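Remarks on the structure that follows.
By letter and in written order, the chains are A, B, C, D, E and F; residue numbering begins at 1 in each of them.
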Amino acid sequence: MTLIDHLPVLLVAGPIVASLLTLVAGWHDRRLCYPIALAAVLGEFAAALVIFRQVMGGGTVRYDVGGWAPPMGIELVIDTFGGFILATIMLLALMTTLYAFRSVTKEIPTEKTVSFYVIFQVLLAGLIGMTITGDVFNLYVFLEISSIAAYTLISATRKPHAYVASYNYLVLGSIAAGFILLGIGNLYVATGTLNMAELAAMLPGSYDLATVHAAFLFLIIGFSIKAAFFPLHLWLPDAYTESPSAVTVLIATVMAKVSVYALFRFLFSVFTLAYITEIYPVTGVVLLIATIAIVAGAILAIAQDDLKRLLAYSSVSQIGYIMFAVGVANQIALEGGLLHILGHAVMKGCLFMVAGLIIYQTGTARLSELGGIARKMPLSCAAFALAGASMIGIPPTIGFMSKYYLVLGAFEAGLWPYAAVLLVGSLLAAAYIWRFIEIAYFGGHHDEHHRTEIREGPASMLAPALGLSLLCLLLGIFVAVPLEAIGLAVAQLLGGA
Amino acid sequence: MRENVVIRTVVRLAVPFIQIFALYVIVHGASGAGGGFQGGVVFASSFILMTIAFDLAYTRRRIGSRGTMICSALGIAIYEGVGILCILYAGNYLEYGVIEAALGIPHLHGYLIDLVEAGIGITVMAVMTSIIYDMANRGGRSA
Amino acid sequence: MIEAFSELFFARYNYWMAIILMLIGLYALIAKQNLVKKIIGLNIFQTAIFLFYISVASVEGGTAPIYLPDGASAVYVNPLPHVLILTAIVVGVSITAVALSLVVRIYEEYGVIDEDELKEAVRGR
Amino acid sequence: MRKKALLAVLFIGIILFWAVEDMPAFGDPESRAARHTGAMYIERSYADVGIDNIVTAILASYRGFDTFGEVVVIFTAGMSVILLLRREGRL
Amino acid sequence: MIWELDFALLLFMICCAIAAINVRDLVHATIILAGYSLIMTVLWALMNAVDVAFTEATVGSGITTVLFIAAIARTTRSSSD
Amino acid sequence: MPDVSGLLPAVTIAIPLLAAVLILITGRHENLRETATIVAALAMLGSVASMLPSILDGGRVTLVLLPMVPGGDLALRVDAFGMVFALTAAALWLLNSFYAIGYMRALQEHAQTRFFFCLAVAIAAAIGIAFSANLLTLFVFYEILTVITYPLVVHIETPEAMKAGRKYLAYLLVGGIFLLAATVLTYILTGTTDFVPGGFLAGSGAALTLQILFGLFLVGFVKAAWMPLHAWLPAAMIAPTPVSAFLHAVAVVTAGVFGIVRVAGWVFGMPLMASLGLGVVLAVIASLTIVTASLFALAEDNLKRRLAYSTVSQLSYILLGVSMLSVAGMTGAMAHIPFHAFMKITLFFVAGAVIVSAGRERISDMKGLGHKMPVTTLMFAAAAIGICGLPPLCGIISKIYLAIGAVEGGMPILLLVLIASAVLNAAYFFPIIYTMLVDRPADPHALDAVSEPPLTMLVPIVLTAVISMLLFFFPSVPFMDLVRIAIGEITTGVVP
């Protein structure tokens, strides 16, 4: 056994070690925190890539923690889907960490930076754990790790409103966690196992039990709250708006995506496609709600004056796109959904980074005060425009590709009206993205003299934003690269394995 | 106040017993009810008792924020260390069996579990104490 | 009819009570105005779920899952839910601690721990 | 608010009571949970791990990773309270 | 296990829970919650879950109560509902 | 003739993109920046022209850029019809660049770097549309064109401009959505979106489905500005004149009609369209647009807006040609694309020259301008004559084909439309010429400071007018030849 074989568990243990190191080193010298965090994330990113390659080359990677074979022990499983998500979130985590340095220096009180970076690492560990675990209860534990870390990080700025946002998130998140725990309990009662693969194998024998259906409902409700699927998104706008910029980027991209991943995992790997379409058909309802989410989220976004809040509601709408794929539930649509997980992470990460840059430089995110900001911060706004174009779905960006797949999937399934609403949704996206573009590029001649001191943000924050915006374009043009993994992943999901 | 003296004396007497009991609970985890978590909490409760009977400053002299910080890290480090050690002995993470097999010491598996439980206990004790410190500290720079 | 009911009742009243407790906790968590009350509700909700798990684990005539000496054979209750719940209890207390810290901070910032008043205070700032 | 809460609670309650109908009876030794993994642990844990307390054996060995997560949760909670409440000191 | 005792404890717990969320004094509510946890401990001990019962005894009626009291001491103990 | 695989199509698109990057880099140094524009324009024209011989031989240049999504790779294919559009756009971009440089410098406009950057990307998108090998590629470039022209439309950044920009974007993005839906539907029906001469949709779905599909396409190509979806075009007149010229002649509306012709000839095919009765629908829309837009133009006092309505009306000639579903009609439609472009750009150049030299936009303010700007006015008169369909300008050629097509296609009533339109054209153009040449301003000294525009503007005006005239005498070089090849492609064997 070489070290490579232990990478799955090291991916979780690594950030924990790093957080301990951060704590001890930070106690002596606060400046050591960031280098440790960055090195750790770099290492995890590399490890994630190695695992991803391994998965693409040799199929699913399995690791029995403690050497106990499932169902007695806990198994870590990384299949194509997991590897894909792992690579995605680690990419975003790396970008966020690069971005975080200046942002944290400015927004977090100096004496809190140590605990901030410690919890930051723990959050990552929890999210990675959720991604790679093959055991449902283990997933719950990691979910709670990441949740607690997130509750805290949201209020790390010590702004009064942030505490309220964090508290509300905690209440809803705990309800969600309780539901998930209940769902896992019901699954356990019905089958007597906690291992995902075994659950998938044993559940068909219990499909007639109400217990299984209840478990399904609880899990789907619980993870929908976590993933902020409309109308259970109530915690999201405040949480995204009030948290420090770096944390917003992290929870809006990495954490949101992992929650969606967990939902997909349960829907397709634990319960199977047959279950959600035939035995307990929820796809129709999911499709309906997803469509409503797309429209409602976008309309709410249009009504906002705060840039971060606008983007937060846009996330509600975009989660709808991903759930739309579940509703359609065929190969093409799910490919679109998975592509949108990647694409939305990249573009929303970029957009929130720019929002953070603007707050960093101007101290405000109110659209009405940002007239003509593009003349002062041309690069940031260019990044915003590019990522925004992707959000609208203008070809050849990644956002277009995923929407194209979704529409294609919907058409193929004969769901014309839903496809139409999806397209309308992208128009609404144009409306809210364009509000900012108009104001930033063509607005505010009158108050120009006030803001002569505003300049482009620091390079360490700008570079990740620009990188992600370019990635929106590159991923769109070379969409075949992620699609190779996605196609496999969807085939595995639909195959029930 | 008069009662205070009684309380303090009792607490002073009780604390060592509580702490010994906590250690017993941690070790007893292998053969009966108990374990690292419960033991850690019991241990922390001895500090809580001290805080109630005396004040925060008194307890802080026993174990300060540096102590809680180091202990909370130490506990996890022990856990991680055992896990990684198993990897070094060519097993999986937390596969105690390989160490037992490699060193040839019987019942080592059980002892390693005790070690891990001790790690849990240390972290829980430190974290609980730390939380109580922060909760009980009413602002200002007192304590 | 009555027999069927009593069968149902005796076989599962433990779950029912757990569910009623869950619902009480959930109701408090959603409907109570006081932030601390919400956390009390959360605690009730969680412990009720734990009760549900432990009820699942219990086995008629079983004994605690600790091996009897001398290899005496016995019926043991299912140990796995106990393990899960040990973990979950820790998670529960962690969440309680974080939640209470947040309540303390909110009170320090706004001077209220009532949700409606808090909403007004937030809007007022 | 109250009405909404009651409605939500009612909804959840209905699902829960519905689920209970199909559950094994309380204390049923033949339940799937007890027969499958439960029995496996009881059978094998002493031979595998060598300690009397099955719960501890599972906790620390079979499901050691969960417990590791549990410790991390506690640690996170401690750091969270430090970040939220502590005003002095280095952290 | 004697089901009458079990049932009585469960009923009493429900009473405790309802009381805990309806008492207007938060300290009282906390104490009732501690009582609730204590009964839960007994119940779990009756169900042969000794480890869990031990944990609940230390955590549920121990640490949790202390945390609540500490938090209430720093905020306010009266509640409007 | 075999399809040749070659890099040239991609190079042609890359040149303006490269120029765009250079423009951004050299933004601070005006002369360098504009050198980049001009050099790129020349290089692109050369690159397009270098493909001409093989196209005229009936060959095609193909290139698959990237695998993209089911429904089509990102692929380019240069055929005769694409060449018509590309050549027009490339030639006019060169002239328009000179003109824009003169115009922007004369008015000392702000944000010129952004302006030239967007123009360069937009022309790349236009060429991309011309060279698209399938619907998906066409859609990609179509959307890029929509977005990148927005900053051009709102260039002056006043509230009215923003409003106009919003209208522009709303219409075109909605159109884009419809086009996307149509593309996806085509793919679902047939499993491909590659253009096939003569169409590939026949027999792939129920009549109603295909009719709806055509409706989607029609709304999708809202850039063709047919009524009642034309409102964005007059609104966009708020933009600087080079942009208007660009919208009306070089790229945007041309892209719209190009798309419709492409869909009619290469996706549906004329026999299918005839059997679905789509020709009649299109004919009604086109006729109504032609007449109504001409009437609107009559009522308009702002020169640029009058020209805009004239464009709306003239573009529908192309739709009309398509609707006839006959060889002659199609020929007229295709030929009208370049011919109208050359004439209309002349008119816009003149309108811009008047703004630069005299600062006037309203026709009633232009009394006597002709004496101060004789060359410009002359060119205007020439182009106007051409638009009305009189010799010796190229406009008459396409119109004759259209007239033949109307008779050939069994819709002689369309002749009436053509005649009515010619009369109306004359009715809204000749008063302008009269005002400029004959009328005298109320204040005789008002025009003292007015003179001919700078050479960078005057030369393009003259050149476009002269080319329009040359095209009358030598129509087959190269446009009519290309059109003939294209017609040959789509009607091989099946002449309706």
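The rule is short, and it goes like this: a contact is a pair of C-beta atoms (placed from the backbone, for glycine too) under 8 Å apart; a residue touches a chain by one contact, two chains touch by 3 or more.
Model, not experiment: these values are computed from the prediction.
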item: Intersection of the contact lists for chain B and chain C; value: A, D, E
item: Label of the chain whose CA centroid is most distant from the centroid of chain B; value: F
item: Chain nearest the overall Cα centroid; value: A
item: Of A-C and C-D, whichever chain pair has more C-beta contact pairs; value: C-D
item: Rounded Å distance between chain D and chain E, as computed from the means of their C-alpha atoms; value: 19
item: Length of the line joining the C-alpha centres of chain C and chain F, rounded to whole Å; value: 70
item: Chain A and chain D: spacing of chain centres that average the CA atoms, whole Å; value: 26
item: Gap in Å, rounded to a whole number, between the CA centres of chain B and chain A; value: 36
item: Chain D, residues touching no fewer than two other chains; value: 16, 20, 23, 27, 31, 33-34, 37-38, 41, 48, 52-53, 55-56, 59, 61, 63-67, 69-70, 72-77, 80-82, 84-85, 89-91
item: Multi-partner residues of chain A (each touching 2 or more other chains); value: 9, 16, 23, 27, 65-66, 137, 141, 144, 148, 151-152, 155, 182, 188-189, 194
item: Junction residues of chain F - those touching two or more other chains; value: none
item: Touch-based graph of the chains, sorted into line, ring, star, complete or other; value: other
item: Touching pairs - complete list by chain label; value: A-B, A-C, A-D, A-F, B-C, B-D, B-E, C-D, C-E, D-E
item: For the chain A and chain D complex, residues of the former touching the latter; value: 9, 16, 23, 26-27, 30, 65-66, 68, 71-74, 111-112, 114-116, 118-119, 122, 125-126, 129, 137-138, 141-142, 144-145, 148-149, 151-152, 155-156, 182, 186, 188-194, 206, 209-211, 213-215, 217-218
item: Complex contact set, residues of chain B against chain C; value: 31-33, 35, 37, 124, 131, 134-135, 139
item: Complex interface listing, chain B residues touching chain A; value: 66, 69-70, 73, 76-77, 80, 83-84, 87, 90-98
item: Complex interface listing, chain C residues touching chain A; value: 22, 26, 29-30, 35, 38, 42, 45-46, 49, 52-53, 56, 80-81, 84, 87-88, 91, 94-95, 98-99, 102-103, 105-106, 109-110, 118, 122, 125
item: Of all residues in chain C, those that touch chain D in their complex; value: 11-16, 19, 22-23, 26-27, 30-31, 55-62, 65-67, 75-76, 78-84, 86-87, 90-91, 93-95, 97-98, 101-102, 104-105
